[in-house]
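Paired with subunit B in one complex and with subunit C in the other, subunit A is shared by the two complexes that follow.
Up next, the complex of A and B:
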C-alpha cells in the first residue's frame, strides 16, 4: 500500500464513526413512543419500562400498555376496537391511532437515523 | 486477484452513510380533520416555514371538508337536496372538479366505484362516527328498493357551473375519493410554497413528493388480517399509495361482521378481499381505484385494474394471501415473518 492509501484508511477511521453517529442507519426498533390525546402530547414514554398508561380521550380512557420494548392499545372505549386489534408496535415510525377517542401512539426511531417508516398507509 | 483499493472501500462506506436518513430538518405534525387522522411530514426546510405550510394546508383541508361532507350543512349537502327536487341549479364550484373526476373513474371502473350511492350508505349508517353504527343491517327489501333506483354518476349533467340530476335518488358521498383528492390538493399547495420533500397522510391515504434526505420515503402498509405492518414500500419521488380495507369501519351484529365498503351491485358490504392497495402518481386516482378493487375482490381485481389503467396493485384476502402484479411484487418488502403466500398475476 502507498502512503496515500494509508492516509485514506486513517481518514475512514476518523470520519466513519462520526458519520454513523450523525446519520445512523434506519431499521432499528424504537426506544420511546409519543402518546397524544387530541392535538396535544400526553407523554413521551420509554419502551424499556413495562407500564400501563391510562390516557383520557374524547370518549373516555384508552389503556396503553408498554411491555418488552413494544407498545399497544390494551383497551379503548371506542366501538370498532380497531386500535386494540392493531396489536403491538415497536419499530420507529409505527403508528396506531384510536380516531374516535382521539388518542394515538407514535413509536420514535432510535438515534438520529430516524424512523424506519416515514408514514403508515392503512 | 487485484487488490481492493482502500479509497474504493471508503467511497462505498461513505455512500452507505449518505443513503441513510437524517432527521435534522424533519418536521412532523398530526391532527384530526375530515373525520380522521391527518399527518404532515416535511423534510429539508426550516421549522418556521414548515409550520406555516402545515397551517395553510390545515386551512385548505378544513375548506375541503366543509365542501365535501354530505352529512352536515354545506355545499355537497345542499346539492344533494337539490338533486332530489330535480331541475337545474348552480353547483358549488369547489365540488365540480371532484364530480368530474368521480364520473370519469366511476365509468372506468364499470360502476364498482360509485359515489352516487349515498342513500345506501345512509341506510347502512356508515356515514356517522359519533356514535358509529351498531346494526342491525338494513332489511333486504330496503336494500333492493334502493338498488332498483340505480343512482349513477352518469345521471348528472353538468353545463358550465350548472348541474342537474336525471335521477332523484342520486346522493353523492365522496368517502371513496375525497381524501385522495385532498392529499393531491395539499401536495400541490406544498409545491407552490417551494416545498420539495413531503408526505401528506390523510386517514392512511399517503401522497409523497421528493425524498427523505438521500433516501426515498419508506411507507409501511397496514396488515389487514394481522397486527402492525404487513409490508413496506420505498416511494418514487412523486407518488401515492392508498389502501381500502374492511377493517377501517365496521360493526358486528349477531356474530357477523359488516364493513363500510359497499358493493353497488348488491348493496351489501363487498366480499372477496380484506384490503386493496393501489400505487399511482395521483392519490385521487389511487383512492377511487382501491375502492373499485376492494369491490371487485381477488377474483376480478386484475380485469378491473386493467380496465381502469391501474399499473400497480396489491390485494389481501381473508386468509392473509397476497395478490399482486409482478411490478408491485418487485417493490414490496414484507415485514412479517414468515412472509405471506403470494399469488402473482400477469403484468398490468
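Up next, the complex of A and C:
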C-alpha cells in the first residue's frame, strides 16, 4: 500500500457516507400517504401523527388508521374486506385499495422516486 | 498479398486481450445476486497491464475486451454493451492521470489497489450515468448509487490485491 492507495481509500471513505446520507437506501420508509376516493385525491396525510381518518366512499365510510408510521384500513363497508386484510403499509410505493368502496391508499416514498417497488401489476 | 507488419507490442496486446476476454466471459457465467453487480475480475488484467506496460497497452487490452467480449456474449450494441463500454472508457480516463502521476511521483501515486479502486469507481460512475441518461431517467435510480459504489469499492480492493500479487510474481519471474 502506497500513500496514493491510502489517499484513494480515504477519498472513498469520505464520499460513501455522504452519498448514503444524500440518497439513503432504496425503498425508504414512507413519510406520507395519499388517500384517494374515486379519481380524486381525498387527502395527503403524514404517517408521523397517529390518527383515524373517516373517508366517505361509494358504499359508505372507510376507516383508515395511522399509527407508528404505518397506515391501514381499520374497517370498511365493503363485502370482501380485502382492504382490511391487507394490513399495514409503510414503505414508499406500497398501495392498498378498497375497490368496492373506491378508496385507496398509496404510501409516498421520501423524495422523488423513493419507492420500494418499480411497478406493480394486478 | 497484403501483409500487415506486426510488432512485439501487437502480439503482447493480443495475448493479454485474449486473457482478459476469457476472464470476462467466464465471469459472465457466474450467477449474480443483483443485476449489474459482478466482480469485474477482468480488470485485474487491466491493472497488471497498466503497471507493467503502461496506459496505452492497458487501453488497447480493455477496449478489445469490451468489443470482443460483447461479440462473443452476443451483447454487441445492446444496452449491456453501452454500459460496459462507458464503464471501461471512464475507468481508462481516470487511470490516465494516475499513471502519469506514477511516472513523475512514484512515491505519491496509487499502487495496484488504489488504481483498481479508482478504476472501479470510475467504471461504476460512467455506467451509472449512461444507465440514467439513456435507459432509466428516473431519480429513484440514485438510491442504488451508494450501494453500487460500496460494492464496487470492495471488488476494487479485491481486484487490486489480486493484481498486486500477480505483479509481484511477474517481477520476481522476470528478474
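Convention: the second predicted complex is superposed on the first by the 91 of 122 C-alpha atoms of A that agree within 3 Å, B and C clash if a C-alpha of one lies under 4 Å from a C-alpha of the other, contacts with A are read in each partner's own complex, and residues count from 1 in each chain.
Definition applied: a contact is a pair of C-beta atoms (placed from the backbone, for glycine too) under 8 Å apart; a residue touches a chain by one contact, two chains touch by 3 or more.
Everything quoted here is computed from the prediction, not taken from an experiment.
S.K.: When the two structures are overlaid on chain A, which partner does A:67 contact: first (subunit B), second (subunit C), both, or neither?
M.R.: neither
S.K.: Comparing subunit C with subunit B, which touches more residues belonging to subunit A?
M.R.: Of subunit B and subunit C, B contacts more residues of subunit A.
S.K.: One more residue to check, A:3. First (subunit B), second (subunit C), both or neither?
M.R.: In the superposed model, A:3 contacts subunit C only, not subunit B.
S.K.: Which partner does A:39 reach: the first (subunit B), the second (subunit C), both, or neither?
M.R.: first
S.K.: May I ask you to decide whether A:100 touches subunit B, subunit C, both, or neither, giving the answer as first, second, both or neither?
M.R.: After superposing on A, A:100 lies in contact with subunit B but is clear of subunit C.
S.K.: Touch check for A:85: first (subunit B), second (subunit C), both, or neither?
M.R.: So A:85 only meets subunit B here.
S.K.: Touching subunit B in one complex and subunit C in the other: list those residues of subunit A.
M.R.: Subunit A residues touching both partners: 1, 5, 8-9, 12, 16, 19-20, 23-26, 109, 112-114, 118.
S.K.: Write out the stretch or stretches of subunit A touching subunit B in their complex.
M.R.: Subunit A reaches subunit B through residues 1, 5, 8-9, 11-12, 16, 19-20, 22-26, 36, 38-39, 79-80, 82, 85-89, 91, 93-95, 97, 99-100, 102, 104, 106, 109, 112-114, 116-122.
S.K.: Please give the residue numbers of subunit B that touch subunit A in the complex, ascending.
M.R.: Touching subunit A from subunit B are residues 5-7, 9-10, 13-14, 17-18, 20-24, 26, 30-32, 35-37, 39, 41, 129-132, 134, 199, 201, 203-206, 208, 212, 215, 217-222, 226-229, 232-233, 241-243, 245, 247-251, 277.
S.K.: Can you list the residues on subunit C that touch subunit A in the complex?
M.R.: Where subunit C meets subunit A, its residues are 98, 101-102, 107-111, 113-114, 117-118, 121, 138-147, 149-150, 153, 157.
S.K.: Which stretch or stretches of subunit A touch subunit C in the complex?
M.R.: Residues of subunit A touching subunit C: 1-9, 12, 15-16, 19-20, 23-28, 109, 111-115, 118.
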